[in-house]
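As written, the chain order gives the labels A, B, C, D and E, with residue 1 at the start of each chain.
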Amino acid sequence: MSDIKKPNKRSFLYDAGTRSLVFQVVLLAIVLYVCYYLFSNLQANLDSRGISTGFSFLNEPAGFPILIHLISYTEADTYGRAFLVALINTCVISLLGIIFATIIGVIMGLSRLSRNWLVARLATTYIETLRNIPLLLQMFFWYFAVLAALPTPRHSYEFADFFLNKRGIYSPNPIIQEGFSIAVFGFMLSIVASIALIIWAKKRQTRTGLWFPAYWSSLGIIVVITLLAFAVAGFPLTFDLPHQTRFNIKGGMVLPPEFVAVLLALSTYTGAFIAEIVRAGILSVNWGQTEAARSLGLKDSLTQRLIVLPQALRVIIPPLTSQFLNLAKNSSLGAAIAYPELVSVVMGTTLNQTGQAIETIGLCMLVYGTLSLSISLFMNWYNKKMSLIER
Amino acid sequence: MAIEFKPSPSLPPPSKSVGVVAWIRHNLLSSPLNVVLTAFSLYILYLTIPPLIEWGLINATWTGTSNKACTGGGACWAFINSYFEQFMYGFYPSEQTWRINLALVILVLLVAMFAIKKINKLYLALVIILAYPVLAYYLFSGGVFGLEPVETAKWGGLFLTVLLGVIGIVASFPLGALLALGRRSNMPVAKSVCVIFIESIRAVPLITILFMASVMIPLFLPEGLNFNKLLRVLIGIVLFSSAYMAEVIRGGLQAIPKGQYEAADAMGLSYWQSMSLIILPQALKLVIPGIVNTFIGLFKDTTLVYIVGMFDFLGRIQAANHDTKWLGTTVEGYVFAAFVYWIFCFGMSRYSMALERKLETGHKRN
Amino acid sequence: MTDRNMALAQLEAGEQAIIEFKDVNKWYGDFHVLKNINFSIKKGERIVVCGPSGSGKSTMTRCINRLEEHQKGTISVDGIEMNDNLKNIETIRKDVGMVFQHFNLFPHLSILENLTLAPIWVRKMPKKEAEELAMHYLERVKIANQALKYPGQLSGGQQQRVAIARGLCMQPRIMLFDEPTSALDPEMIKEVLDVMVQLAEEGMTMVCVTHEMGFAKTVADRVVFMDAGEIVEANEPQEFFNNPQHDRTQLFLSQILNH
Amino acid sequence: MTDRNMALAQLEAGEQAIIEFKDVNKWYGDFHVLKNINFSIKKGERIVVCGPSGSGKSTMTRCINRLEEHQKGTISVDGIEMNDNLKNIETIRKDVGMVFQHFNLFPHLSILENLTLAPIWVRKMPKKEAEELAMHYLERVKIANQALKYPGQLSGGQQQRVAIARGLCMQPRIMLFDEPTSALDPEMIKEVLDVMVQLAEEGMTMVCVTHEMGFAKTVADRVVFMDAGEIVEANEPQEFFNNPQHDRTQLFLSQILNH
Amino acid sequence: GTLDDVKQKGFIQCGVSQGVPGFSNADNKGNWSGIDVDGCRAVAAAIFNDPSKVKFTPLSAKERFTALQSGEIDMLSRNTTWTYTRDVSLGLDFTAITFYDGQGFMVRKELGVKSAKDLDGATVCTQSGTTTELNMADFFRKNNMSYVPVIIQKADEAVAAYDSGRCDVFTTDKSGLAAWRTKLKNPSDNIILPETISKEPLGPVVRQGDEQWKDLVTWVLFAQVNAEEMGITSKNVAEIKKTTQDPSVRRLLGLDGDMGKDLGLSADWAYNVIAKVGNYGEEFDRNVGKDSPLDLPRGLNNLWNNGGIMYAPPVR
């Protein structure tokens, strides 16, 4: 028989499993200890300095005004509500920023790939300039340069019932009247109709191979039916028109310059990054794919729509989401130019009035953490859904 | 008896496909849409370029001692001119700024020595990473060899900006590498510690971290144990950038083919040996462009230290705007700041692209 | 000269030329890649194109469905001349199928969708009909059972067969092959060649760039040898292999057959 | 059954088994990739492993130096059993050299550094000595003149020879080859096979996964045929090729030899 | 305690504002000046007999309390308003009042506004994180007027926004208004409205629970006020010290008894403060008063016996 040695006794020190176990236990202990150390210090410091802790301050009246609030808010409301207002402001600016940045990014990315030399150069210049200048500076630029260029309220630019001046853009504020529900109903109806149209067009294509321009026609349907419904209801909207007063334009809806500047800065800055992502995504689709599509007789527009874009999107979406995330985080710089977002209201004013540093900063981090987490969860889900099926 | 094959001569292409006219036709006017786009672009250029040149160059004032000198209607560069030293060095005593320049020269010389063949690159790198910072620290802060001490509160301007950026990136490097390795390890505890750290740092804006660093760190330390604000802000920046660095390096690690790990294993190298001898050297080379990009991002982000009250480049320029002698020069200040940041960032991104190209060709991989 | 005469002779013989190159010249920038190509292909003919790397084989083939533009001379396919007219190009592309070296299947679409794409969008066929057609061709290349998989899930040989089926789904009158087997493992080459031989037997007009000399010998009607952007020699396979006219051809054959 | 008996018979014959598989089973997740492998290899024996793609050849080979863990049964090399013990693994890896299909040279190190890496860091050899050793093996694979180049600068065949030399530098008692020639162009295959034949002649214990049947015929002591995770047949080449026992083996041989 | 730490370090870490002319402002060499800055210097002079042993930490409004709470600075001397909440719930203690201020409004002349009551519908710029924000809210609410608040993180930008026409009104403490006005493009086009809408007592702040340190900071200021009352200035203090027989002066200058012991200071600490930094009046005049570009009137900040309310407890 062979002289195979029986498995030699497992030496504790050299066992791979044991080693990693020991290492991990030590690591865990260190991490826990550091946390404990920091928090016990914190506790001691808070105690010895008589700083009260807790979130009860959220129920106290805030007493400070907020420039932009989408839900009703007065100085008499609580810190909790101020926090909510700020949170909404952050979300609104992030969402709008994301939309505009994407539009700008796609246009600029495509322009950079344009066969028109001049357009491509201009797009390149745009991208290379904006990407390489700190966002904070760009915010100052938009705020102060644009403010400087606009007229004072007394000399507002005026067109129809719109005003433009240093205080912002004033537009008529729609006020809902009786019968508005009929219009809403008409709108709903038109949407249902166009969905039906799209389904019908698809079915017909499957059956007969004939195409019908379903998307354009449904757009038409929506516009026509909604307008009709409006007419039937007797145009159930009145407008609160802005008008000139001593200091300001009064009435109407106003888009303050802070909002516009932050939005401009965020979307042009992030747009430059998105442009590069879009360009890289489109370039990443092998030229062979285009050639194959062409040699099948597909028109260039169809080639883009059916072959290039779906594949480019896979490459584009992941970095795009992280740009969205950056944009949301960068909205915190709005604090520097009076946009009342989370950092400004919570880590600025609230912290200063209440002195609750730990709580307010904790709240902010929590909000941003949740925001990031949900965006990246979405990203992972999307990635999984879109990943190419392979062997 | 076989016919000899003589390739027929290559002819020049027909004239309509080369030359200026062909170029313009092909690149600017190839379709009606392109004609419109070209006209539109030209119009934009017409709107922007001439006024800019007029303001920034033709009507600009370059020298003077107060805004009274700026009468041309253009930019008042005299402001930048008279504050230049402050913008570069902050409040650093002007008779001591040679120390900063000296440190810079030494650094440039050291880096240039990489070009010399005979020198051991490893030792040189060690000198730059380990010895140089000590030297630079003593040069900057003084207090030894008869150098007049300069407290860190006086450090400022572009000097501070560059300092924050460079230290942020260099120090975050080893930390980022460790985090990246940890994130890829198959030990659940190590992995989750790294993941939690990386993700939570990346989730929050730098400004909250700077804020924590500038005012809150002392709350977490025992009473009496406290350290320099600059140092605290630096720690914040390093932690922040190390999380980003970790992700960059992880990308590099993932790009290393599995075969390299296997070959190293098969040769009997231990984990740390194969990481330090085989995997990391390759991964890091791969991610140099990513690192440069992180650096550019960080460099731009350091403007935020101005919000926590440090007089970095931007902060110093803003402070100078207070000077009653130079009222109304805010725009010039911002334009100058934008220009300097742009030069730095654009230069670096070009450099990284060049590197990328160089690595692509010079380094075939199997 | 010989080639030109030959082509003319054929035309005179009243045989119908489905593809015709007349004095075709093409440049990439300053680089003269096709030089005075004169050549015509009859309906149902099977042409194998060979020659050293860089000699312009691919370029010439790709000019046929205008994946590349030429700058001088005329190319006509099926009597329609190639020019900037988009309509012409579309018409011709419907009639010409192409199979690439690297398959170029659409990775985000299933095999079936790859095949039905052009019939549905270009030929405006009802979806059902297109699918039946696709299944028909998939059976012909013997992978009907893979219809619902994605390209990434198939082996190289299977992918190339799908690519051929995709080309056939347009029911083209001409098929172009650009080194269809050179990216394949040896076992898979046979699968693909088998399908091509079968196609050839059915009388499809084929232009095939390949170095598979076995294939050339068995199915080609003519073998075209290119070098430095020119057609050096074009002949029936028998003649071409046994009795090459040019020294360049001899050299090439000696290299390729020894391998 | 036959294999098992055979293996036992050999063992009984008192010949020393340097590698021994006993009831080895391995799973990837739920996928049973090695099924009841029983096999032993004597010192100095030269084994060629063949079989269809996915049959588990690579996996089995990689179990020998524990690039893969097995879940059931025992593998012992040189009398040492494979388990989680890091020391054992280290010892065995010093004794087993491996050559991969894709060479896996370290692209950032010069050829010489590739070779001296393991001697210096694992065997703790002085640098000078390691370099002498490396040059010795480089000469043996006939590329001593390339010592200072980088892997990216060599052709595939040269790279694979460097990989072999790198394996030899550990002065192992066993060499494993996993399809060492299948990523190479035909001309380069010969270069590499030559080196391997030479090694075989020197009496190195070798396990070689390959489809080069010529190589198997000339140097193998035994040819092992695997399918679906099992060893179907193991025999001397003479017998194996001329008189395969299983129909599966016959089928495989007919495919591979016809090609 | 803090004093021991400070003595050990050899300097005081003092939180000041990032730049309010007259209160704390750095020149282009990084030298700080202002009444808040001098407050810190005076404490340094009391401890070290050397007013330069201070390091300044410029703080934004929202950082300041956290910085003090966390121990990053030893005292906060940053035109900070003494309010109930701040004193009671932040773990901080206000010491004494260095400057009696009140919030006011600055508007452009061209608007023709004469009174704060005319500001209905105005757009108001101010800095975030200050009592100003709250007072403004209270004022407009009380008078049932509407307004648009533009609240910016740093005073610089808030003023810039006002100057560029974003707002009709800029509001902050009146002293601040005077200071900022000098930095506007056309100072004379702007006026400060007469109303004072709030009480803004400004003074240094220390951490709660260190009585010795609190007393020290408090009494350094009181000593300066007392000195002014007694007519002692930095110019004549040396002379007076040699010649005076006035018992209260002798006590103040550390000639009789040891007033420094319980504060942990030398007996002549007040002498050092006056000699090196000056009395309160000198400090005021130099930084914000008649010797400064701001040229603020003494007003409330005059001594109690001169029509103001500056009143320091006696040294006894």
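Everything below uses one rule, namely that a contact is a pair of C-beta atoms (placed from the backbone, for glycine too) under 8 Å apart; a residue touches a chain by one contact, two chains touch by 3 or more.
What you are looking at is a predicted structure, and each value in this text was computed from that prediction instead of being measured.
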Inset, instruction - With centres defined as the mean of C-alpha atoms, identify the chain lying farthest from chain A. - result: D
Inset, instruction - Give the identifier of the chain nearest to the protein's overall CA centre, each chain being represented by its own CA mean. - result: B
Inset, instruction - Would you mind reporting the rotation angle for the C-alpha fit of chain C onto chain D, rounded to the nearest 5 degrees? - result: 160
Legend entry - Most distant chain from chain C by Cα centroid: E
Legend entry - chain A and chain C, separation of their C-alpha mean positions in angstrom: 50
Inset, instruction - Compute the distance, rounded to whole Å, between the mean C-alpha positions of chain C and chain D. - result: 43
Legend entry - Inter-chain centre distance, chain B versus chain C - centres from mean C-alpha coordinates, in Å: 52
Inset, instruction - Find every residue in chain A that makes contact with two or more other chains and list them. - result: 45-46, 48, 140, 144, 148, 335-336, 347, 357
Legend entry - For chain B, residues contacting two or more additional chains: 211, 215-216, 218-219, 223, 307, 330
Legend entry - Multi-chain contact sites of chain D, meaning residues that touch two or more partners: none
Legend entry - Touching residues (chain side chain B, partner chain C) in the complex: 2-5, 7-8, 10-14, 17-18
Legend entry - chain A partner contacts - residues on chain C that touch it in the complex: 65, 67, 90, 93-94, 96-98, 100, 102, 104-108, 117-118, 120-130, 149-150, 152-154, 166-167, 170, 176
Legend entry - chain B partner contacts - residues on chain C that touch it in the complex: 25, 27, 29-32, 35-36, 71-72, 227-230, 232, 244-250
Inset, instruction - Name, in rising order, each residue of chain B that touches chain A in their complex. - result: 27-28, 30, 34, 37-38, 41-42, 44-45, 187-190, 193, 199-200, 202-208, 211-212, 215-216, 218-223, 296, 300-301, 303-304, 306-307, 314, 330-331, 334, 337-338, 341-342, 344-346, 349
Legend entry - chain A residues touching chain E - in the complex, by the definition given at the top: 45-46, 48-52, 63-67, 75, 140, 143-144, 147-148, 152, 166-167, 245-248, 250, 256-258, 335-338, 340, 344, 347-349, 351-355, 357
